[in-house]
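Letters A, B, C, D, E and F mark the chains as written, and numbering starts fresh at 1 in each.
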Amino acid sequence: MSAVKKIFVVEQLRRVQMSDLLARGTRLDGRGLSDFRELTITTNVIEKAEGSCRVKLGNTELIAGVKVNLGTPFPDTPDKGLLVVSAEVLPLASPYAEPGPPDENTIELARVADRGIRESGMIDVSKLVLVEGKHVYAVFVDVSILNVDGNLFDATSYAVVSSLMTAKIPKYVLDDKGQPSKTDEMVSLPIQTIPVSVTQARIGDHLIVDPTSEEEALMESRITLVSDDKGNLCAGQKGMPGSLTTDQVLQAASTAKLKGEEIRSIIKKAVYNG
Amino acid sequence: MGKQGGDSSSLINEQGIRADGRRIDELRPIKIEVGILKNADGSAFIQFGKNKIMAAVYGPKEVHPKHSALPDRSVLRCRYHMSPFSTEERKNPAPSRREIEISKVTREALEPSLMLEDYPRTAIDVFVEVLQSDGGSRCAGISAASVALADAGINMRDLVSACAAGKVAGQVVLDVDDTEDKEGQADLPIAIMSTSNQVTLLQLDGQLNEEEFNKALSWALSGCKKVYELQREALIGRYFGKNEKVLEVEQ
Amino acid sequence: MSAVKKIFVVEQLRRVQMSDLLARGTRLDGRGLSDFRELTITTNVIEKAEGSCRVKLGNTELIAGVKVNLGTPFPDTPDKGLLVVSAEVLPLASPYAEPGPPDENTIELARVADRGIRESGMIDVSKLVLVEGKHVYAVFVDVSILNVDGNLFDATSYAVVSSLMTAKIPKYVLDDKGQPSKTDEMVSLPIQTIPVSVTQARIGDHLIVDPTSEEEALMESRITLVSDDKGNLCAGQKGMPGSLTTDQVLQAASTAKLKGEEIRSIIKKAVYNG
Amino acid sequence: MGKQGGDSSSLINEQGIRADGRRIDELRPIKIEVGILKNADGSAFIQFGKNKIMAAVYGPKEVHPKHSALPDRSVLRCRYHMSPFSTEERKNPAPSRREIEISKVTREALEPSLMLEDYPRTAIDVFVEVLQSDGGSRCAGISAASVALADAGINMRDLVSACAAGKVAGQVVLDVDDTEDKEGQADLPIAIMSTSNQVTLLQLDGQLNEEEFNKALSWALSGCKKVYELQREALIGRYFGKNEKVLEVEQ
Amino acid sequence: MGKQGGDSSSLINEQGIRADGRRIDELRPIKIEVGILKNADGSAFIQFGKNKIMAAVYGPKEVHPKHSALPDRSVLRCRYHMSPFSTEERKNPAPSRREIEISKVTREALEPSLMLEDYPRTAIDVFVEVLQSDGGSRCAGISAASVALADAGINMRDLVSACAAGKVAGQVVLDVDDTEDKEGQADLPIAIMSTSNQVTLLQLDGQLNEEEFNKALSWALSGCKKVYELQREALIGRYFGKNEKVLEVEQ
Amino acid sequence: MSAVKKIFVVEQLRRVQMSDLLARGTRLDGRGLSDFRELTITTNVIEKAEGSCRVKLGNTELIAGVKVNLGTPFPDTPDKGLLVVSAEVLPLASPYAEPGPPDENTIELARVADRGIRESGMIDVSKLVLVEGKHVYAVFVDVSILNVDGNLFDATSYAVVSSLMTAKIPKYVLDDKGQPSKTDEMVSLPIQTIPVSVTQARIGDHLIVDPTSEEEALMESRITLVSDDKGNLCAGQKGMPGSLTTDQVLQAASTAKLKGEEIRSIIKKAVYNG
């Protein structure tokens, strides 16, 4: 039997095992289909950043940091501050991660995290303006992924959200020449809502939340949906070269709302009591 | 930037008619032409409102470098790209992060429809070039690419048909155009395989409550099915009717 | 017989066939040595661009678009507007085209097209100045090549020239602070002449105009010469790793002038009646 | 910029106490944790003053491309990288020339300690990620990387331990922090293999006369030996004591 | 920028003498030195007016990657590059589009002279470095490169010799320098194989009527032949005369 | 015997030969352990540059050029001019040099040369300021390496130092609007000291100065130390994957000072009498 055939057989066996488990409502690590792994958020781990946190979601581990400086707004949105979300899967994080510019997976990851923040209106960017068209706050959130064990989409989103919630930025005032000048006062960012990302993987006919790397290796498709405080969906992304039925999409939407509330209270607790 | 800021009151009038004269459940005019590029193994040109998009397929073909070939199926590769003159402001020709993401979701929207296992150790290249963009270019590009794949004779389970719904001026609408995308509240692009109702692309930008989401999803699905009819007719026109038949949506 | 040898033999046979045909004054597709293929120019195909056209030269097909905005002049030419010509052989256009930054062939292509426009003085760049040294019009012409079947040099040049001729750009005026402000008035670019590129391929002792891909595969050298309304030569480029006799150069120059007039009238007709 | 300009008079007071309360021959507080990343073959986290640095090792492993493998030993590769949030001003994530140089000297500081000849035709990757930087990050990174290499079970002659000395306000001091680096007169980072007293890293930025150089070198060596004790204790704690034992320098 | 704008009236005086004292049909002073770089297989240094250009050849040599080798001949590769200090304003060391184009035409100017079929499955690298540029650097570089190829012992049909003619202040002139290039009306760089009169490089920037074109071409050809004599003498000096003989054009 | 084994044996033999020679206090080319090869510095070889020189150190050969223009200072050093040192090992210089962006070796080379200039205070950058925070001189030193035969670190440093010493830059004055305007007066750069780099290679237990390429192929480690006019060490760099004893470091420091004085007088002679 060729090596390639052998790998197929092994993968096939795992698929069958996984399928049997899912049919009985459980998973390799004993979780139910809609159970998240333990989520730990530790805030203010990087003192030099304006906001920061370390997120552990099972064995997936990452650090987010917020840096704020002054910038020039985009010409087509002179009345809005800047918000830039980036992520890097560090080569420390996995035997498959390579150093270098972000690949399409990492670009998608950062753009989906960004979409959740932006479309939920989490930050009132109109309040990040000092002089319209000229001087605005530029908020950079960077995520360094330290260990990969599945569900980077949600872990990244939680890290971005939590670090923004903890951030204290220097208040600027305008001097008599209309130039911004930094004061010693530190203020929070204008937070309007707490968007929560919930990612589900389809394996066979089952949708499971918060997949591990092992589960991701067997998933056919993935759907990430972000909901806000009021239960509105505000961002979404289907991924992977498989499909979903419309019923699965609707089921995913309702799970996203439900689990979103659960996670939101964990985030709030970590940030406000952390 | 998010979709919360826009004053979208003027986008739909009291009679429920949109800025460009459409009803809220009406698609923009669509034309599909098949097989118009000489060198490509398959090609299609789509006009979708003001979107003008060319799609071409090369393959199945040898893979370079060889070690990136797969023993049991073909590797599907997609590039979604905008010509510099396709947008209001000249677009830098280097691929943006947005184009890289759309290239990825385009590939993942098309892949479920293809019988890649029929072409082991090969690659199939899909190139989508946006010559003029007008909101919804990713959907139009996917629909054109699926027709180009059929024109190239790649074995497929079904065509992939794409269309967006969204929310504008507080109402769910079908097929969001550029202005509505910028000033509206939400955009939900969807792609499906029509005969099996499988969703192969879904993205969401902007806020929808659960009821709006359900409605937008169902409208987008019906939009996809209209696109499907036009894709089918274009292919039939190409292979059984007169060449380069141009079809227009009738509603 | 090895595969490499076989290819040599086939190529050799084609070379002989081509040579026989050329000696009899004709070509594979029945054209005479100095006949162009059919040239079709459709203008204003991209409504969002300030100027545009689609050019078909036989099966070679491409689209050019003009975008105009305000820019800052180069320090050493404060009294001149900016004109930038770029081209991309899209990967749609040929099995040999690769996505990515332009290779040396595409760079040469764009630079030779640019040279014809610039050196002919087609656009009076001194009229593209709003405030010397500060605000000038920046004219970008981009060419997307959709299908390759030989003679990209001429097709690209015709597309650039025609799209510039059709362009209507917004007129700017200076407000009372000396800042440029856009008006609703649309004006044409300051066109002074219509440069026409004529490319000839040498195969054996013969020069042929407007080579197809098939002919280009057999050509030993290539010469592109651009002439203006008055019959001046204003740009030239020899290409390919072969040579030309001086007689062939002089013959090419006189053909370029002659055929240039023919093509110029096709361009004029397409643009002014199109 | 050079180190000549700074007014460093306030960096050491009349009692010989530095801005952060240390004596001139005192190290900043140091903690080392071993084996804390799940996927890496070896890992270590170091806090060295305000420096927070993660080091991970993958390997010995297959080399790609194959022709870069060596027939008689493993290829050691190192990346020193700073997270964008690790510095006062946000750092561009693309590798700077400084990071490329430090990656090189880090590799050359570690290589003499490793028995690479035990792993022919393989590669060993060392990744040092600075999560927060505070002066001396290259030394802290090398010390952490050496522990991570031990944690990965790579055969080694000795641990590599690194520490800087320098000159601040006219005096030789041990372990220069960020402020002292910027406003001081010299920085001399050193790495050694403690048991054999072999110097594997040496750089010098700023002016020292011969006497100062000799003194700074000898202080840096003694700093390296303190770091060595902490590295050893962290590894013993990991393998023989309770897991993730946190050790603090006692002076 | 085009050549139409310049006020070039001062470039040639009433006696037909140019700004630098030359007649309109006179070359700038030229020196060629052969074989002055130790590591290269062949090398030449040319001073052509104020141009100072080094050319070196490595090869025939193995090709990497192997699949870019050709079974029936050597692959010729050329790089034309300007040192950052070679121009009035410091030049960014990354290759510009201009340098990429000149690299290509340099290769195509040299290739017809070489018997590449004598070296199958190999590569020959030609590097042209402009240390100081003064108008006509591509011609001077090609002439130097051809000498370096001869010095490397590459089989050739003939030397390639290059020279430009142009139009300045309304008159055809030989060998356009920097100022004349910027303020003149046309520049016509040419390279030939002298013994067979084959043109291997031709470019034209700027306007010439048919008569001027013919005259400029014929002057450029005669300039090439003078360059050819100097190339030959330099090689003879190197191989049969005293080493590093410096030759100056006599007119 | 395999090819790889053969190479080992040859290298081993050379190592033994080298070791025998060094033990007798001499080297392959007859030099003593602390002898430099002949150093020739020719100044003002590039007339278009503000300063330049050609350095030959044995067969290692390179050219440095200084270009000066006006620039904006870094925000954190508004009172200092800009000084940028770059180097390129041209592909002409060695069969192993590749065209392309600088690799880690070349980056290290340029950074170490830069460090010597900067940390010695050779140029008083505070005198390169026209308007604090706004207009400063930007001094670029570029080194083109033409032939590689070992000890690029020292040769590069001498070329940078000598070209800076010879440079004559246009004096700028402020016009009545406070804008810098160029005058015809040419001034020297504000030179404060002459830093000299001395690089030593360790082969076995021996330290040798100014290694050739052949010696570098056998060296286990390398140490570069730069000293100024007063004998202070002002920059250093250990390189290569080998180590040094502390005694070797101290020996290297004292040799660097000693040989530094010797080289400094050669540089001075070349620049002031050149």
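Just so we're on the same page, a residue touches a chain if its C-beta (ideal position, glycine included) is under 8 Å from a C-beta of that chain, and two chains touch if they have at least 3 such contacts.
The structure displayed is predicted, hence computed values, not measured ones.
Common neighbours of chain A and chain D under the contact definition above are absent. Of all chains, the one whose mean C-alpha position sits at the greatest distance from that of chain C is D. Each chain gets a centre from the mean of its Cα atoms; for chain D and chain E, those two points are 52 Å apart.
Averaged C-alpha coordinates give centres for chain C and chain D that are 58 Å from one another. If you average the Cα atoms of chain A and of chain C, the two centres end up 48 Å apart. Between chain D and chain F the centroid-to-centroid distance comes to 27 Å (mean Cα coordinates, whole Å).
Counting partner chains per residue, chain E has no residue touching two or more of them.
If the chains shown are joined wherever they touch, the resulting network closes on itself as one ring, and no chain has more or fewer than two partners.
Think of the chains as beads on a loop: from chain A toward chain B, the beads read A, B, C, E, F, D. Residue ranges on chain B touching chain A, taken from their complex, read 1-5, 71-72, 76, 97-98, 100-101, 103-105, 107-108, 111-112, 188, 193, 197-210, 213-214, 217-218, 221. Of all residues in chain F, those touching chain D in their complex are 4, 8, 77, 80, 104-105, 107-108, 110-111, 115, 118-121, 125-126, 223, 225, 228, 230-246, 248-250, 253-254, 257. The touching residues of chain B, when paired with chain C in their complex, are 37-40, 43, 50, 52, 54-56, 58, 61, 79, 81, 83-90, 93-95, 125, 127, 129, 131-133. Chain contact summary for the complex, chain C toward chain B: residues 45-49, 52, 59, 61, 63-67, 69, 86, 88, 90-95, 99, 101, 140, 142, 144, 146-149.
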